[in-house]
Amino acid sequence: MDIFDFSEGREGYYGEYGGVFLPEILHATIEELLECFRECKADPKFWQEYVSLLQNYSGRPTPITHLENLSRKLGGAQIYVKRDDLNHTGSHKINNVMGQGLLCQRLGKSKVIAETGAGQHGFATATMAAKFGFECKIYMGAVDVARQRPNVFWMENLGAEVIAVEDGQKTLKDAVNECMRDWVTNMADTHYILGTACGPHPFPEMVSWFQSIIGLEAREQMLKQAGRLPDRVYACVGGGSNAMGIFQGFMNDDNVELIGSEGGGHGVGSYMHSSRLAYDDASVGVAQGYKTYFLQNDEGNMNETHSVAAGLDYIGVNPIFAHLHDQGKVRFEAATDIEVKEALKLTMRTEGLIPALESTHAFVTAIKEAPTMGKDQIILINQSGRGDKDIFTIADALDDAKWKSFIGGKADQYRGENN
Amino acid sequence: MDIFDFSEGREGYYGEYGGVFLPEILHATIEELLECFRECKADPKFWQEYVSLLQNYSGRPTPITHLENLSRKLGGAQIYVKRDDLNHTGSHKINNVMGQGLLCQRLGKSKVIAETGAGQHGFATATMAAKFGFECKIYMGAVDVARQRPNVFWMENLGAEVIAVEDGQKTLKDAVNECMRDWVTNMADTHYILGTACGPHPFPEMVSWFQSIIGLEAREQMLKQAGRLPDRVYACVGGGSNAMGIFQGFMNDDNVELIGSEGGGHGVGSYMHSSRLAYDDASVGVAQGYKTYFLQNDEGNMNETHSVAAGLDYIGVNPIFAHLHDQGKVRFEAATDIEVKEALKLTMRTEGLIPALESTHAFVTAIKEAPTMGKDQIILINQSGRGDKDIFTIADALDDAKWKSFIGGKADQYRGENN
Amino acid sequence: MGLQSFIAERKQSKDILVMAHVVCGYPSFEENLQELEIMAEAGVDLVELQFPFSEPSADGPLFVRANEQSLKSGTTVDQCFEFMKLVSARFPFKVLMMGYYNTAFKMGEAAFVKRVKDAGGVGYILPDLPIEESPELHRLSEEAGIEPIILMTPTTSDKRLAKLGAVSRGLVYVVARKGVTGSKTKMGDDVLALVERCRQHTDVPMGVGFGISSKADIDVLRGHADIAIVGTAALKIWEEGGASGLRNFFAELMA
Amino acid sequence: MGLQSFIAERKQSKDILVMAHVVCGYPSFEENLQELEIMAEAGVDLVELQFPFSEPSADGPLFVRANEQSLKSGTTVDQCFEFMKLVSARFPFKVLMMGYYNTAFKMGEAAFVKRVKDAGGVGYILPDLPIEESPELHRLSEEAGIEPIILMTPTTSDKRLAKLGAVSRGLVYVVARKGVTGSKTKMGDDVLALVERCRQHTDVPMGVGFGISSKADIDVLRGHADIAIVGTAALKIWEEGGASGLRNFFAELMA
C-alpha cells in the first residue's frame, strides 16, 4: 500500500482528507514547493545526502533499546524502544527540519520561518538555520513563550528571532496562523518549515517522508535485534509526524498493529484534551490549510485543547491518520495527563530513560497493553524525544517541592543582583 | 607506547604519578576491584558486551561532525567534532558509568555510590543504576546541589538518593572525600563509581579504558570521513577522562598532536582557576587516593579552585596526564571563563551546536589555533557533553535578562500556589 | 439583481465604486449597524460582512483581534446571517459574505449557499478556498444566483490567471500586494499593471483591495479598477475616532 | 625512650593504657592545651596530635569539621610542630603525629621525620599511607628512632596481616570496625577476635580505636588490647561540656 500514490485519487488527498486550502497568493509558492519536493523524492542522491547529514550531524541511526526491566515487571510482551530522543536537539523534529533545510537550499531561499508549541520544533529549526546559514524566525504563542523559556533561550542563542504570538489562545495553532501570515508576505525568499505532518499538501507527505527514516531504521533493527517484527508499534500523535515516521516502516506488514496515542488531557468527556481520533469530540473541518478532524464546535470554530504535553496540544491531526483511522489501519488511544505522569515515573526508575511528555503518551498505552500480551510477543515504542529539556513542565507536572524552592532561591538571587 | 604496561615500572604508576593511597581498610576492596578489572580487560567478551550495551542504550558510535561554517570563518584548519554530547544523558560520562556498571555486576555488588560536581556524572550513574537495578547514592557538594538543581531533580527521579555534602568547599573534591567515607564503611556490598580518570589505581586506568571507546571510534571515523588522521586533537581536561578517552585513539600516531584544555577561570595569576598543568600554580602531592599535580599550598592543603564549568573545577588531574605532560606527549592550555562564553556563542550561531561549558574549553583552544594552521590541516575536537542541560549555568554565564525575568515569574507562580 | 449588473448600473453614475468591510459582532452588532449607516450615507456601494472565525490566517492584526473579540462575545453564524438579512434589507448597498471556508464547510455547501441567498447576500469571499476545491460550491452558487468572488494576486501566473478568469463571476478581487489585510500598500504603477494583467483574463469588474486607506489611493485606481475595497482603514478609524471619525473618513474618501 | 618500651613500662602498673586525640588548633591551641592538661591529670598515656588537612577523607564528621575550622583559623604545619614540642616537653604522656600523608610528602619525608623527632614525637599515624608506599619513610624513621604506626583492620586478610606485622613497630593501631572515625562501635567478641588475629602476626603492643567512648568499652578490651584509643568521644564532650565535662569524662573512663 502506498498512501502517497495519488494516481487513483486526487493529488494530496488521503480519502477525503488533506488538500490545499490556502490563499490564492500562496498558490505559486506551494506549487514551487511541490515541484521541488517531487524532484527531491525522485532523486536518490537527495535521500543519500539527507541520510548522511543526519548521520554526521544528528547521530542517526538512533538505536533500539530492549527494556528488559519494564518487560519483566509488566509480565507480558517484550518491550523495545526506538530512541529518537538521542537525536541532536533531543527529538525526532530534527529529521524533518534537516530534510526541509536541504530542500530550502534547492529552492534557493535564504530565510526560514516555523511555528512551535513546546519549542522542540523551533529549537530544531533554529539549529538547522544556524547550520545552513538561513535567517530564522520562530513564531510561538505568547503563552508558550512564557512557559517554555528554556527553548526560547536556546533558539535566541542559536541566532533565531522568536516572536511571541499574542492572538487567539496564544498557543501552537495561533503560531501556525502567524506563520501563514508571514509566508503570504515573504514567500519570495522564505520557506515555511512546518513542524508536523499537517498543513496543506505537500507538507503531510513531505514531513512523513523525512520522518520515514525512523521506521526504515526501526524495521531493520527489530529484525536484527529481536529476530522478528514487532506485534505492535506505539507512537504518540500530536500532528502525527513521529508516528507517521515509525509506522511507515511497518505499513505493509499486515501482522504489525499500529497504535497512535493522543493527548487525553483530563480525560474523555472533559473537553480538556487533544484527542481528535481516540475520543468522539472532533469532526471534519478545514483550517490551517487542510481538511481533517479538528476539535471544533458545530459552527467550525476551534475549541480549546489541552494536554500536559505541549507538543500534543493541537486542534488537528494529520490527514493521513484521519484516513488510516477510517480504514482501521491505525488504532487510536488516548493517554491522560495523570497516566502520563505515572508512566514517566515508572520509566525513569525502571529503565533510566526520560521520555519527553509527548513520547510518554505512547508508553502509557504500551504499558497498559503489554501485560495482556504473551511473553513471546514484542512491542515497539517510539521515544520521539527526551524529557530532560522539559524540566519545568515535568517538575510542574510532578509538583516537585525542592524544584520550586530552588526556583524561588534563583529568583531571589537575580533580584539581588539587580539591586 | 602502552601507558598501561606496568611491567617495567610499578603497577599503577605513570612516571612518578598515580599509586594507591587509601586507608588500609580498603586494601582488600581495591585489590578485589583490580583483579576483577584485570579479568574484564583480558576478556574480549566483556568489551563486546560493553560496546553493545552502549550501542543499544546510549547511541554509540557517536558521529563526527565536520564544522564547515566555523572552519571557513576561521580560515585555517578544517575542524571536526566528535559528538559525545549525543550520548544518552548528554555526555561521555555514561561510557565509564556503563562499563563500571557491568563490572559492578561481576563483583556481585548491589549498591553504587558516586561523587558529582556539575551533576553529569551523577546523572549518568543514577541512570545506570536504574537500568542495572542497583541502589544508588550520589554525593554532591551542597554548593553544587544548590546550583545544579536540574541534575539533582533527575537523579532523584531516577531513584537515586542525592546527599548534599556540607564539608570543605562543599564542591566536587568534598564529594569525593565523602564517597571515600561511605566506601570505607560499606565496601562489602558497595562499588564506588569514580567519575573521572583520577583516584587510586586502578581507577585512572579503568576509566581511561572505558573512555577509550571515544578514541577508537574517532580514529576510524576520521580516516573514513576526512581520509586521514587529524593533525591535532583537542579535549577539555577536568579529571581527564574524556581527554584520555579520545587521546588514546591517537597515542601511537606520532604526527597527531594532543592538546588538553583546562579551566582557566579568571586567568593566569588570578588563583581563581583550575589549571593544574597549563599554569604554574600546581605542585605534586597526594590526596584523594593518588599522587598527581594538585592546586595546593606549600603545606599540602588544597587551594580553592574555580571554573565557569563545574565539571572542570577540581584540584587534581589524572596521573597519566601529569606523566604525559612531563614527557611532552600532551600539550596543556587553559581557556578562561570569558573566552569560553565567547566560543560558546560562536559555536551555537555558526554550527547549531551547544557544547557543554566543559567541552567549550576545548573549542576555545581549537578556535585560537585553527587560524594559524593551513587549510589542508585537520583538527578534531571532543565535544564531551551538551550544554542544554546546563541552562542555568549558561544563562547565568551569558547574563540573560529574559531568562532571569522568566525565573522571577516562575517563582512568583510557585509562591502563589502555596498561598 | 445580480452583483455584476448592480456594479454596471452603479458605474454609470460613478467612475469608481467603493466596497467596505465590517466584522460581524465587533465591536458589537449595534456598532456594526452604526458603521453601516455611515457607509450607506457616504454612498458606499458594496459591503463585506465578515463572519468571525477562530483561525483567521489571512487577516492582519486588527481583523484578527476583531474576529477573536467577536467570537469571545458570543457571536454565532446564525446571528451573522440574521444580521446580513437585516442589513441587506435596510441599506441600498449590496452585501457579500466574507469569511473562511470552514464556516461554509461545517454547515454544508448547499446550506451555505441557501443561507447567503436567503439573507440577501449577492456573493461570498472565502480567501482560503482555492478554485481547485470549489467546483461544487460554484455550481450550487450559480444555481442560486449568487457569486463566488475569485481573488487574483501579484504572484498569480498568467496561466493561472486564465484559469481563474475562466471561472470568475460577479467581480474579481485583485489583491494589491502580498501579505495580510491591514498594512499600507503603495498604490502605484505596480497595482495598475496587475489590474491590467487581470483584465486580460476576464471581463468581470475588478475590485482592488489590501491597504487602501485614502482618497489618494482611490484616485490612483480611478479609471483602472471598478471598485476600491476599503477594509482595515475604516475599522481603525472607528476604533480611534468613533462615528464622527468614520463619517469624516468616508466623506473625504469618497469626495 | 622509644614508644614500645614506654608502653611496656607503663603497662607494668596498668592493665590497659589510654591514647587520646586532639586536632591541633581546634577549637584553638589554647583550648588544646586545656584539654591536654585534663588528659594528663587523668593519666592518659599517649596522645595523637592531628595536623589538620584539607581533605580528611578517613575522618568522620566531627573531626572533618575540626580540621576545616582549624585551617580556616590559620593553623600552619609550623605551628603544629611547635605545639608538639611544647606538649611533649610539658606533659608526661608520649606524643604522636597524626595526619594525612600529603603533609609529610610536601615537606619531604626526611624533613618530616626530623621535625617529628625534634618536636619530641615518638611516631606518627598516616592513615592514607599504605605500606607499599612507605619503605623509604620507614627506613628514615627507623634511623631517627621514631615509629610509623601500622593500622590493621577487620577487612585485612591473614596474608596481609603477616605483611603488616612484619613491618610494624612501636604499636599497631587496630581499627575496630569499618568506617570513619566518630561513630559508635559495639565493642564485643568481634573486636577481641580481631585483636587476637592481629597478635598472630606481630609482637608489638595493640591499640584499639574507632568508636571507643566509655569505661565499659575499655573494660571489654582490658586483658586483650594494650591500649584503648579514644578520639571523637573526647572532642564531643569538650564541645558540649567544656573543661568540667572532659574532666568527668576521663575520670569515669579511666576509673
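Which chain is which? They are A, B, C and D, in the order written, and residues in each are numbered from 1.
Everything below uses one rule, namely that a contact is a pair of C-beta atoms (placed from the backbone, for glycine too) under 8 Å apart; a residue touches a chain by one contact, two chains touch by 3 or more.
Because the structure is predicted, anything quoted here is derived from the model rather than measured.
Chain centres here are means of the Cα atoms, and by that rule the chain farthest away from chain A is D.
Each chain gets a centre from the mean of its Cα atoms; for chain B and chain C, those two points are 66 Å apart. Centres computed as Cα averages put chain C at a distance of 98 Å from chain D. Put simply, the C-alpha centre of chain B and that of chain D have 38 angstrom between them.
Residue numbers of chain B whose C-beta contacts span two or more other chains: none are found. Under the contact definition stated at the top, not a single residue of chain D touches 2 or more other chains.
Judged by the touch criterion defined above, the protein chains link up one after another in an open path, with no loop closing it.
Within the complex formed with chain C, the chain A residues making contact are 19-29, 167-168, 173, 176-177, 180-181, 184-188, 283, 285-289, 291, 296, 298-302. For chain D in complex with chain B, the touching residues are 52-61, 64-65, 68, 71, 76-77, 100-103, 105-107, 127-130, 132-133, 150-157, 160, 164, 175, 178-180.
Contact residues on chain A toward chain B in their complex (touch as defined above): 55-59, 62-66, 69, 83, 86-88, 90, 126-131, 133, 146, 149-150, 152-154, 156-159, 225, 345, 348-352, 354, 388-389, 391-392, 395, 398, 400, 402-404, 406-412, 414-415, 417.
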